[in-house]
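Two complexes are shown next, each including chain A; its partner changes from chain B in the first to chain C in the second.
Now for the complex of A and B:
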């Protein structure tokens, strides 16, 4: 039964990908891409990586889809979606060759994962029991700090490069009742994901993405009048606080323990949860701003 | 390792400060750059006196955690970055960015330049200090994205188009690089740099290294994957061009050098490929520079040629455990960074005085050559590799090693590339050396600007580094292999 499901899933992913590539309409292509994201998320569940599945569903399919739809609306001229047959054939051949190479490489590797045992051995000292959170916020927290810096740069780009604002078309009468349900729900789910990240799949990135989804619902319902500079300022400050607080925490740990991002003994969980809580808000604010475009007028 | 922590963290914190308070952005930028310079000098001094340093972040030893490694090569790269950073900050301080079209445009440029530039600086520092391939991938993401921003800052149609091409090429390079890192993890189960020697032994590992180098080739704009680069480097504002051309491409070149050092003698095919592509890039870039009509485009194509030269040096270097030829590549990177940054800053000033950057229009009878032209000429001397510049020492080390091996083909290619670089740079320098009947009696001189100081300072540093090259060479000699 599960094999049948897996087979259907695999066929579905390839089918939707083809649909996304060859759709004649830009919105249809983005829609197919989003469906593909959800199917890929399902396949991550089947592969036993629920953390990746959550991230893929929330960020890969959901928010990326929203950003793509927003950009698709901005582009006025409909380009020729399909290139010449030769270039399609050539890129297809290159992709197939590349995939074959990868397949050969991966199947030739003896699958003895060396890293998970290392993590399992020291998991008790990390302060959390979810190995993914332990790696992201403790063992390899420096990677995560730099990833937050990537988000920061993306935010600066959106502020600096002139982007027009979205003026959402009126969505009908249901949008406000919809937002009334979705927004509180997103806050609850996000809080749950954040708290649960310590010992089960979840964490700041997923929680932030879900919260950002609620934020988008607010924006689309017109409830968040971001043109008011004060609210925009708060949102921006929240977005910037992620890198600032993570960086400050790194400095503080270096001062306290002598090791950059080495949490004091026995307090690791408090530090991790604190950092993750700030990151959740910052990631959500950043994603909403990425969708919405620059809110603050450039200083004179 | 306090200095290393400061180098890795301070630019990011200052970038947040500059983004949060755009009016104070220049102050954040200048303070952070100066502290960065001090920290890199202290770190180099510590390494000179006490040898290599290593810090396990969070006290988790690699391969579980990430280690910062500060050795001689890292110290040379960090100091190079800090020196160029100081000059770029001076330039951007004095003059905003070129072509301020109205007050609002200018402040947008300034407000955007500092956070992006500080993030670039932080990413470069983190990259040079990192001892972990996946961590280096993340630094490349910051570097690539902020470099795209620096390209797009002027907001002109050309620069936006160049920035988009840069983004697409950079993303493709990142994906290939990441795929290589993933395969490397699959092959040996770890991603710290100490895994590189083990990668050489397996077929999957070699494929992983190949993918990593393919990604690096895109990011370093190595011929024939340089297609995105001349437009991006020539359409950005001068201070941004200097950063992109002198520093950002060096991140990928540094990692290529680092991996070839770690891998030792086992990657002969990869080395030959690097050397061949490098030589081809050197000749192609020089040819395009000879034909360029605009000054900025000439300098950008000269970067293609110089990247080719550096890649050639990485490729032909012998096994680092027995020969010191790899030091030539490091020295060439250092000299190119200083000279090319000086050149872009000088070109910015020249274009500002002339009102255009057409090479055919450099001879103006009513304008005498100024400091910027002088700085350009000194930088050109260093890029060509005439004594006593750092470029000369680098080429000397390289050719000396090749003569010992009797590799006459490579020597001929190197000398050919050098002759071509002399030819294309003479197109500009000969026009800068004009005098006598070309200049009208009442011709004015360009005024001094802080930008001139930055360009001249960098150019003379490149010159002086040839005389003081014992210092970087001592640092490099101490690098544990």
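Now for the complex of A and C:
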């Protein structure tokens, strides 16, 4: 029965991907892409990786979909959907070749990867009991710091380049009661994901994405006006504080223990939770700002 | 007791799946946007609510039931709101045209 489900899921993912590629209208293509994201999230659950599934559903399908829909609205001209047959055939061949290379690379690895046993052995030292969080915020915290730097660069680009803003006016009065329910729920679920990240799937990225969903509801309901200097300033400061606090934590741990992001003995959990709490707010603010666009005036 | 709940749960989930299938069928067969929305918003919400109730019968523990109810409420709320928004947007487009 589960094999039938898996087979249907695999066929569904490919089918929706084809629908996204060959849709005649841009909104239909984005819709198909979002459905594909949710099906891929489901397949991550089936593969036993709920952390990745949460991130894929919240960021890959949800927020990327929102960003794409927003951009599709801005690009008024429909693209030329009928490319030449040769370019379609060539890109298809390249994709198949790449997939074949990946398959060869995966199957040529002789032994099982060395990381899982290493992580399992040292999990007690990490301060958390969820191995994914242990890797992301302790063993390989350096990688996560650089990921936050990537988000930072993206946000700085969006702030510097004045693109037009989202105008939430025509959405009407139905959005306000919707936001009144969804925003508190998003705060609650985000806090839950953040806290449970220590010993179950969850963490700063997932919590931040859920919180950003609530933020988008506020923006679309017209309740959060980023044009106002105070609100926009607070949100920008929150977004930029993620990298600042993470960097400061790295320097502080280096001063305390001599290792960059090597937490003091017995205090790892407090450090991890503190960093993740700031990151959750910063990621949420960054994603809302990426959606909203620059708050600077467009020069005429 | 548990067999009764199991039977009840399976029945409700089957009925819910039927509603969702009907919604998909309606989306495929109905001619225009408003009639599609009319069918989708109701059948979707009913289907998900029935599946939530069925799954709640078959799980144990208040935490699982609560998260299921949360899913049902969110689907009902967002379905109703987005249905309204899409209908409104299409009416505005028609007025403009």
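Throughout what follows, the second predicted complex is superposed on the first by the 289 of 300 C-alpha atoms of A that agree within 3 Å, B and C clash if a C-alpha of one lies under 4 Å from a C-alpha of the other, contacts with A are read in each partner's own complex, and residues count from 1 in each chain.
One rule holds for everything that comes next: a contact is a pair of C-beta atoms (placed from the backbone, for glycine too) under 8 Å apart; a residue touches a chain by one contact, two chains touch by 3 or more.
Given the structure is predicted, the values throughout are model-derived calculations rather than measurements.
Of the two partners chain B and chain C, more residues of chain A are touched by B.
In the superposed model, A:259 makes contact with chain B only, not with chain C. Touch criterion not met for A:124: it reaches neither chain B nor chain C. When the shared chain is aligned, chain B comes close enough to touch A:138, but chain C does not. Of the two partner chains, chain C is the only one touched by A:185; chain B is not. On the chain B side of its complex with chain A, the touching residues are 2, 5, 8-9, 12-13, 15-16, 19-20, 22-23, 55-60, 63-66, 68, 103-104, 107-108, 111-112, 115-116, 119, 122-123, 126, 134-135, 138-139, 141-142, 145-146, 148-149, 152-153, 155, 160, 179, 183, 185-190, 203-204, 207-208. For chain A in complex with chain C, the touching residues are 170-172, 174-175, 178, 181-182, 185.
Every residue of chain A that touches chain B in the complex is listed here, in rising order: 101-102, 105-106, 108-109, 112-115, 118-119, 122, 138-143, 145-147, 149-150, 152-157, 159-162, 236-237, 240, 243-244, 247-248, 250-251, 253-254, 257, 259-263, 298-300.
Residues 70, 73-74, 77-78, 81, 84-85, 88-89, 92 of chain C touch chain A in their complex.
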